[in-house]
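Structures for review follow.
The same subunit A turns up in both complexes below, where it pairs with subunit B and then with subunit C.
For the complex of A and B:
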């Protein structure tokens, strides 16, 4: 973990709303090892997308970072102003969004999307050179470069998502944040897309933060997994360890909720309850109202920085009760 | 490109039935209106024989509509397709001639007023959305609602008093200086001046346009400010704006290229509506600035009970409105590649 391309410590993001402050991300620390794929999983509304956007300081208003550090190659992004951040977005860190239909400007041709991206960061590249580079990349992604003259709505969903990947790669960044990249794709297209992503990751030695709620995608692609619940990362481990031996009761619940073709199940396991209201989270561990292993300490103290067997898990079952 | 052409062609073909419906409606509405054109022509005390005679000359003794080919409706339709909108009862000249005389004045004034309103309104509205909740935003919004609610004749009078009378910078009435005798080709004095290379005429015509088009433009720009700002705020929340920011596209480009282009479609609709409305003549502005346009002509025609002039003018304006909405639809398709039949 020494060679982390990105490391986040104590990051908190608050959304002031009329009903109170929503703690979308609450004291989160984790890091992305260079050249690895880290899956960030959790239910809708657990703060995983906000965390992804926060790395580029692009939280939707009125969200703001209230504490913490985001170190990209050792530089703290919290100290950067908007102009400096703009030069990081694209060439250093890029994003792939979940819905390629709405993430491409419907009135602008695809080649324009690429050209303006290059133009925004590399002033002295001529149009012909830029086009040659774009054509090469797009062909590499399996799309005929002649289609670049078309508008986003003229492509299929899978092609659009490959265009989004192309836009994320055109400036050769080392880190890509992929926010539910296959959400709008059907399973066949999704499988192709994941293969493509995996290939690209090896080819360009990319570090990918893969935000998803789909454990299957994580199992296929990720090297490490961070599980998020109610704005906090509750468990982080290597993908093999996590699937073989989940520690946190929430992770156990998540994994038992996946249908398993080899087990004869009449009913699928469901976790009782629902995620807490983030304007007024329960005291102590936010998971305790739903937890099958609840202890007396759980609604009094919040578990923090608990390490067991070299794994990070925020649960009093594994120690930290005296801290 | 082929799709665009077939869209335009379809859209043009669709206007043909619309023209028929329009002509029919105007014909019947004019005829159910109270008042007798012959009486208003000759006066209420004219002898009955004279009235009958005139009625016969005008073809008004024929049935309005029946199953023969000799009725008023057929006469009216046939005249229309021969380019004849009837004779003005008051001026005793073809209505088309009067329209040709008054319409260019209205077109000239409307063009400059709308140009001012759109350029100024869209620019400030987009800026307000860009700098949302800043002092500039609040001032622009206040300005928008104020300019929208000021009565145009009052604004016109104020402009006349300040810039026409007190400072004496601009003329306060008419289309052209008394010493310039305009050469008329299209009737648009600015265009005619350019065609004939008569730059004294161009300067004088533009000079006369300043105050009336500013007054009208200021009133209209409030709508454009508010519409642009509201649409821009909506578009700025879209995913592709976030995605463009995430690619490090400079904010100015994101706002004024990505967002404004998408926010422009409803603005275009409003431009079409406003322009169509202006074509019927901005009566109050034209009256304040003694501007000899369609508004003045319409008011005159109503006052003189000049039914043929009224009917002809209404048809002319309605056709224009149709033409403008056709144009707006075509522009939609050019801006937004998703608009197709």
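For the complex of A and C:
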């Protein structure tokens, strides 16, 4: 992709643990086209949150990046030290976490959350100017600015999550990483929040990496989708292609195993087994023990960089056997 | 579908939980305040069906399940099981009744005893109910384990829960509920914690077991797509009351309550060609301590009229078995959303 705001190549992240090295992210390459929403989907433990955190070099210790490049507007973030990273987090890339209750400070009022954020990154901003900016943004998110004098616990869950997106936007970043942003919300509030997010994305021409396990949210919001399994991106495509014609057996299985309210289904596909233990992943393709299309090569070699019809899919069904 | 016998009947059930305010609040407001978790609901569960209870968090669906299980005592109302009033059963009587109803909890990890093996966890209720000899109990546990595909049974029987995958743990919880051969299983969000790829397996297993063992389920969930898939009938709850009840076909294809319509419209559909804009209910669920007067949904309803805050809407049967509580039914019917 030519105009990628972020491109990741060959990224691997390891967590050394007492039972062995967890390869949370294993040789992942993908990029985020500017101004698009990219859904990163996968089940718990597949490495999607770790990948999201790694973009800002925020993985929890002892996790570390052991290989790869993260290029943000052409600059490799791997080479940046902590002080340089601080200048990137917020003004350039910011994050919306899944649980606003644990991400907001319960002891300080909402306006101080914003003021501290501005204070940490911008010099010579008067308090009045800052407050004017904050009020404007918060009203734009559908919250009365008078509520900024309240503490986080005084707001409803939906409002707290809107405050979170406000904090992510206050420094005008171009890239937002949203990790399960609606996990703690009820379905109607979730729908409103997703509408708001989509509106903001268009208005500010944001690029959003939307991390979720919910295929419905991805279908409703994303332009492109990357499917992650056992630390690897197994398939990546435009949202229409992915849902109309999934290629990887895991994507196919996932899509046919979820109940769909619009369809009167007869049976759901039941995928055998469960996601692998990442300290001891199966040899070859990590999905082969659960795969209905397993071939003899699948437990011997790991598929890599297989392109078919212009689409990226890590599966020997689509070539790469001789490589 | 032929008319089925009633297994459980719930009449005017209420559960108010006292709120624990601080000392000063207690002095300032002398009368006790209550969370009206369940506030006058009536419905029945037919033998052999999957009855769904759906709604947002705080609507009272879990409390309703726990009331029927007799895990909490109702404030008012009656619960009948096969025609017998079980509302006031206590102590030894209640213990002897318990095998008829069992529960599957939401979080399999938190609901298994980590210091008991899988076999002990599943067989514990047999010990409590003093059923069979040790040998017979072990055989019964192993039989149930193979029904839920916890294989190889011999290996898993002696394993501790932390060594199992999430999907296996949920099957242990399922096996534990089934070991006493219950007639009713109350399943409270049984797949909410499971990985997406193992959810279908648990759902399909529950459907198969229902037929094999002639079970009846009360399926509590916030996920309408799952409810549509597994349930025969469904009750939609909002702030402690049932707003709409009917067969899945009636409620999903012809929803009549504005709240049901809002819920259905808000579900993110896994199909990018069906992108929707869903401004169909305002705001968020109000507090159950002081629910809005009249129709509880009127504060969020997009077709609310002034009368909605004055009158509690009665349950109206719009179709055989399809009942709705909305004052603006006639107005709503005209709209197509």
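We take it that the second predicted complex is superposed on the first by the 316 of 323 C-alpha atoms of A that agree within 3 Å, B and C clash if a C-alpha of one lies under 4 Å from a C-alpha of the other, contacts with A are read in each partner's own complex, and residues count from 1 in each chain.
To be clear about the criterion, a residue touches a chain if its C-beta (ideal position, glycine included) is under 8 Å from a C-beta of that chain, and two chains touch if they have at least 3 such contacts.
Bear in mind the structure is a predicted one, so any value in this text is a computation, not a measurement.
Peer 1: Now for A:265: first (subunit B), second (subunit C), both, or neither, which partner does it touch?
Peer 2: A:265: touches subunit C, not subunit B.
Peer 1: For A:117, select first, second, both or neither according to whether it touches subunit B, subunit C, the two together, or no partner.
Peer 2: First partner only, subunit B.
Peer 1: Check the residue A:190 against both partner chains and state whether it touches subunit B (first), subunit C (second), both, or neither.
Peer 2: The answer is second: A:190 touches subunit C but not subunit B.
Peer 1: Under the stated touch criterion, name the partner, subunit B or subunit C, that contacts more residues in subunit A.
Peer 2: Greater contact footprint in residues on subunit A: C.
Peer 1: Contact-wise, after the overlay, does A:166 reach subunit B, subunit C, both or neither (first, second, both, neither)?
Peer 2: neither
Peer 1: If you stack the two complexes on chain A, which partner ends up touching A:102: first (subunit B), second (subunit C), both, or neither?
Peer 2: first
Peer 1: Pick one for A:56: touches subunit B only (first), subunit C only (second), both, or neither.
Peer 2: first
Peer 1: Looking at the overlay, does A:214 come into contact with subunit B only (first), subunit C only (second), both, or neither?
Peer 2: Second partner only, subunit C.
Peer 1: Which partner does A:286 contact after superposing on A: first (subunit B), second (subunit C), both, neither?
Peer 2: It touches nothing on subunit B or subunit C.
Peer 1: Identify the partner contact of A:239: answer first if only subunit B is touched, second if only subunit C is, both if each is, neither if none is.
Peer 2: Only subunit C is touched by A:239; subunit B is not.
Peer 1: Using the touch rule from the top, collect the residues of subunit B that touch subunit A in their complex.
Peer 2: Those in contact with subunit A are residues 237-240, 242-251, 253, 258, 261-262, 335-338.
Peer 1: What residues on subunit C touch subunit A, complex-wise?
Peer 2: Contact set of subunit C toward subunit A: 56-57, 165-168, 195-201, 203-204, 222-226, 228-229, 252, 262-281, 284-285.
Peer 1: Can you list the residues on subunit A that touch subunit C in the complex?
Peer 2: Interface residues on the subunit A side: 43-44, 156-159, 186-192, 194-195, 213-220, 222, 239-240, 243, 253-255, 257-262, 265, 267-272, 274-275, 290.
Peer 1: Taking the complex as given, what residues does subunit A use to touch subunit B?
Peer 2: Against subunit B, the touching part of subunit A is residues 53, 56, 58, 60, 82, 86-91, 94-95, 97, 99, 102-108, 116-117, 120-121, 151, 153-154, 164, 167.
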